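A, B, C and D label the chains in the order they appear, each numbered from 1.
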C-alpha cells in the first residue's frame, strides 16, 4: 500500500468516480423523482461526462490542476443545484491540494477544504437530507483515519464507508433543502439522491486508487 | 286502432321520440367514437332537449306547426352534421303534412318529403353508412304498408322495424360520408350512430302513438 | 377524465366568458354567443367570418381581431353551430364591401354554412365563401370532398384577412383565400387520444408503441397506425408526403406551421420544426416563414399537424402584414 | 413515454434551434446557447437577464424581446445553467445603464446566480438581482426561502422590462421588480404527472381521483393531495388562499394569470379564469387585467398555476406598455 498518491492515481480515481456515478444514473434519477424533479442522475451523469471529457482534453500538470479541471468542468455544465455544489467541492479540494503527492493527512485536509467550499454555497447542514449528510461523515472519517496513522487508501476506505452509511441513513431524514423540502414529512423514507452521489464518488475514488490503471 | 293521428298524438309522438334518443345518448356517443368524434349522443340529446323545450314553450296550432317547431329547434341548436340533417327532415316533414290529421298515406307522403329534404343536403345515398341507411328503408316500408291499406300506427310499426333493421345492417357497411369515412375499410363492424338515431326516433314515434297520453 | 370542468351543459358558455375576459381588449361576445372584434373594422373593408365546433381552443375565435377575422361562430364541443347562428353572424358582419365566409371541410360546418348562405343570399347579403380542405391523409388523388379542413384555415384567415384590411374587393379577397387554400397541405399525427369533455370518454385508442399519421381534427381515426417514430423520422415522413402533394420543387419558398394539438409540448414542436427546415433545405426549398405553437387543438390529444404552404411575394407581404388577435400577433 | 424526440443528449440544442427559427424576427442564439434579442436595446436602457432550466417552453426564453427580457440563459432540461454561462450572459448584457438579473427561487438557479454575480461584480459589471419566490404552498408564514419561484416571474419581466424600456435607472427598475415580487402570490394545482423527457420516467404519481394543490414547478410534489374538485371549487380554494396571503381587500385592484402547465386545455383555463373573476368581484376586488395561457409549462403535466398580483396605477401603466416577445404580445 502506498503512503501517498500521485498525479496518475488521482486521474485514475477521478475517472473511476465518474464511471460509478454514470452507471447509477437511473437509480439517482429514480430517487430524485420521489421529492424532486427526477433528474439527478441525468444531471450527475452530464457533469461526470464533462469531467471525463476535460481529463481527456488537456493533460494536467499536477494533482491541483487535475482537480481544478474536474471542478471547472462540473461548474461549467448546466448542473441545476448539483453543479455548483459538486463543482465548488472539487474546486476547493484543488485549492487545498498542494504538492506532488497526497498522503492521508493531506487528502483529509484537502477534503476538509472541499467541504468548506460546499458549505459556503449552501445553508444546508448535517441532518437536512442533502449531499452534506454523506459528505461530512466521509470527511470526518478520513480525518480520523489519517490521525490514526492509516495510509491514504485505507483512510479513503473509511471515508467511502462513512459516505455510504450517510447516504443510507439519509432515508430517515426529513428534507429541509432542495426541491424535496416542500414535501415535508413525506420526504422521509427514501435516500437523498445527492447523498448517494457523494457515496458513489467516494466509492469510485477508492476503486480507482486500488486499481492498477 | 285509429285510421289517422291528430295534433295531440303527434305531440305525444315527438316527445316520446325525443325521450328514446335522450335515453340512448351514451350508446350513440360510444358508436360515434369508433370512427367519428364521440359526440353523436351528446349532440342528439341536445337537439332533442331543444325539441322538448320548444314543444313546452309554445302550444302549436296544428300538426304542421308542431313538426315545424321540432325542425326549427333542431336546426337552431349547435348540431354538427346531425342538426341540419335531422332539422331538414322535420322541416320538410312539416311542409309535407297538410291537414288536421294524418292517415297512413298522408304520413308516408310527409315522410317522403322529409327524406327528400335530407337528400337535398347531402350526397350520401343508401349504402354509404349514414342515417340514410335507416331513414330510407323506414320511409319505403311506411309507403308500402300504407299502400297495402294498413292503418297509420301499424304502418308506422313497419317503418320502425325497417329503421331498426337498417341501423343494424349499417354495421356491415363501409362509411363513405361523415367523419368515419376517413377510416375506410376499418369503419366496417359498428352500427352507424346516425342510423341508430333514426331507428330510435321511429321507435319513439310508434311508442308515443300507441300510448294513451 | 381529469379536467377542470363544471356542469358539462355550460362548458361552452363558461369558456367563452373566460375567453372574452382574457382578451377584452380584442374581442367581445355579442348576440347568440358570437365572437366579434372589440373595435369594428370600417365598412369599406371586406369582413371575414368563420364557424366551427368548440373544444379546439384557441381556435377558431382566437383569430378574431385586427388583421384576421371579424366574427366567429363557435359551436358546441366538436359540433358545428346551427345555420341560424351562422346567418346571424353573416348579418352582423354584412357591409357594402361584402363578407367572406371561411368554412372548414367537415360535414356539419358545410351543411350549416350551405343553409345559412342560401338564406343570406335570399336576404340580399353580399357573401362569398371558401372551403378549406387541405388534409392530405386520404391520399393525393382523393376526392377533394374527402380532404378535411385542418389548421390551414389559419393561413387563409391571415392572408385573406390582410387583403381585406388593405381594402381589396370581395372578389380579390376570395381569390387570395382560394389561392392559399389550393397551395397548402396538412397532415396530422397522433400519439395519444383526446377525451370528450362532455362525455368523459376517450375518442379513439392508441397503444403505447403506436402512432397514427393521418389523424383527423377531433381524434377521429384516419390514416394508418404504425410504430412510434422519432421526431426527425416523423417530420421526414410528413414533409415527404406534403411536398409530393403540393409538388413543391427546388427554388420555391414555403411557410411551415407546426400545430401542437394538445399535450405535445412546444419543446417537441420546436424540435420537429427544426427538422422540417433541414429537410426542406435539402430539397432546395426555402423555408421563408415558420410557426410553432398550439393554434388549433383537440383537447389534450398528443400529436401535431404539419401544414406547408407555397409562398410568393404577394403572400409573404400578406403574411407579414400586422395582426393582433388573441392567438396570433404579427407586427 | 410518448414524445416526439431524437437523442435525449441533443434535446436542448435541438429545441433552441427550432425556437430561434420560429421567432427569428424577435430572438437570436448567441455565445454558449444564450438567447438574446434580435435587435439590441439602446445601451442607455437597463437590460434584463434571466436564467432557468429548459423543458418549460415557452418559458423562459419566450419572454426575450421588446418590452421584456434582453437575454436568457436556458439550462438543460429542469436543470439550471452553470455559473459560467450566467456570467457570460451578464457580460453580454452589460452596459452603462446596468443589468437586472431576475432569478426564480430554485436551489440550482440561486446557486449559479450567486456564483456568477460574485464574479461579475469582481469584474466591475453593474449588476443587481431580484429573487422571485411567490409560491405560497409552504404556507403564509413560511420561511421566504421556502417559497418557490413559479409563473410570477413573467409579471416581473413585464413590468420591470417596461420600466427599463422607458429609461428608468437600475435602482428604479429593481424597485419595480421588488414591488411586484412582494405583491404577487402563486399557487399550483396538478391533476396528472409529467414525464422527464430525458429519462422517460414519470415525475410524481397521482391517482385517478386525486389532485394536488401546491405542486411545484417540475412536477415535484408539495402541498397535500385531495379528491379532484370541479373547476369552480378549485378556483375558489386557490383564490381564497392567494387573497389571504396577499391580504387583498375590497376596493383593491388585481391582475390574475392562469398558467396552464401542459395538458390542461385553454378551454379549462378560460373556465377557471371566469370563476376567478366572479370570486374576486364578490370580495369587492376588481380584476383589472387577466391572462390565460400556457406561459410556463412542466412538460405534459395536467394542472395550472394561478397567480394574483396587486395592481396600482403605476403597475397598470407598466403592464399596458407594449411588448413583443415570442410568447407574449401587448400593444
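FYI, a contact is a pair of C-beta atoms (placed from the backbone, for glycine too) under 8 Å apart; a residue touches a chain by one contact, two chains touch by 3 or more.
Worth saying up front: this structure is predicted, and the values here are computed from it rather than measured.
Chains touching chain A and chain B alike, please list them.
For chain A paired with chain B, there are no chains in contact with each.
Any idea how many Å lie between the Cα centroids of chain A and chain D?
33
Indicate the whole-number Å distance between the mean C-alpha point of chain A and the mean C-alpha point of chain C.
About 54 Å separates the centre of chain A from that of chain C.
Averaging over Cα atoms per chain, report the distance between chain B and chain D in Å.
Averaging C-alpha atoms per chain gives centres 54 Å apart.
In graph terms, nodes being chains and edges touches, is this line, ring, star, complete or other?
Chain contacts: open path, no cycle.
Using the contact rule from the top, write out all pairs of chains that touch.
Every pair of chains meeting the touch criterion: A-D, B-C, C-D.
Which of the residues in chain D come into contact with chain A in the complex?
Per the touch definition, chain D meets chain A at residues 12, 53, 75-85, 106-108, 111-112, 114-115, 137-138, 146, 148, 196, 198-199, 201-204, 214, 216-223.
Using the touch definition up top, name the residues of chain A that touch chain D in the complex.
26, 29-30, 33, 35-39, 41-43, 46, 75-85, 87-88, 121-122, 177-183, 186
Using the touch definition up top, name the residues of chain D that touch chain C in the complex.
2-6, 11, 14-19, 21-22, 54-55, 57-58, 191-192, 197, 208, 211, 228, 230-232, 234, 262-274, 277, 287, 290-294, 297, 299-300, 302, 304, 324, 329, 331
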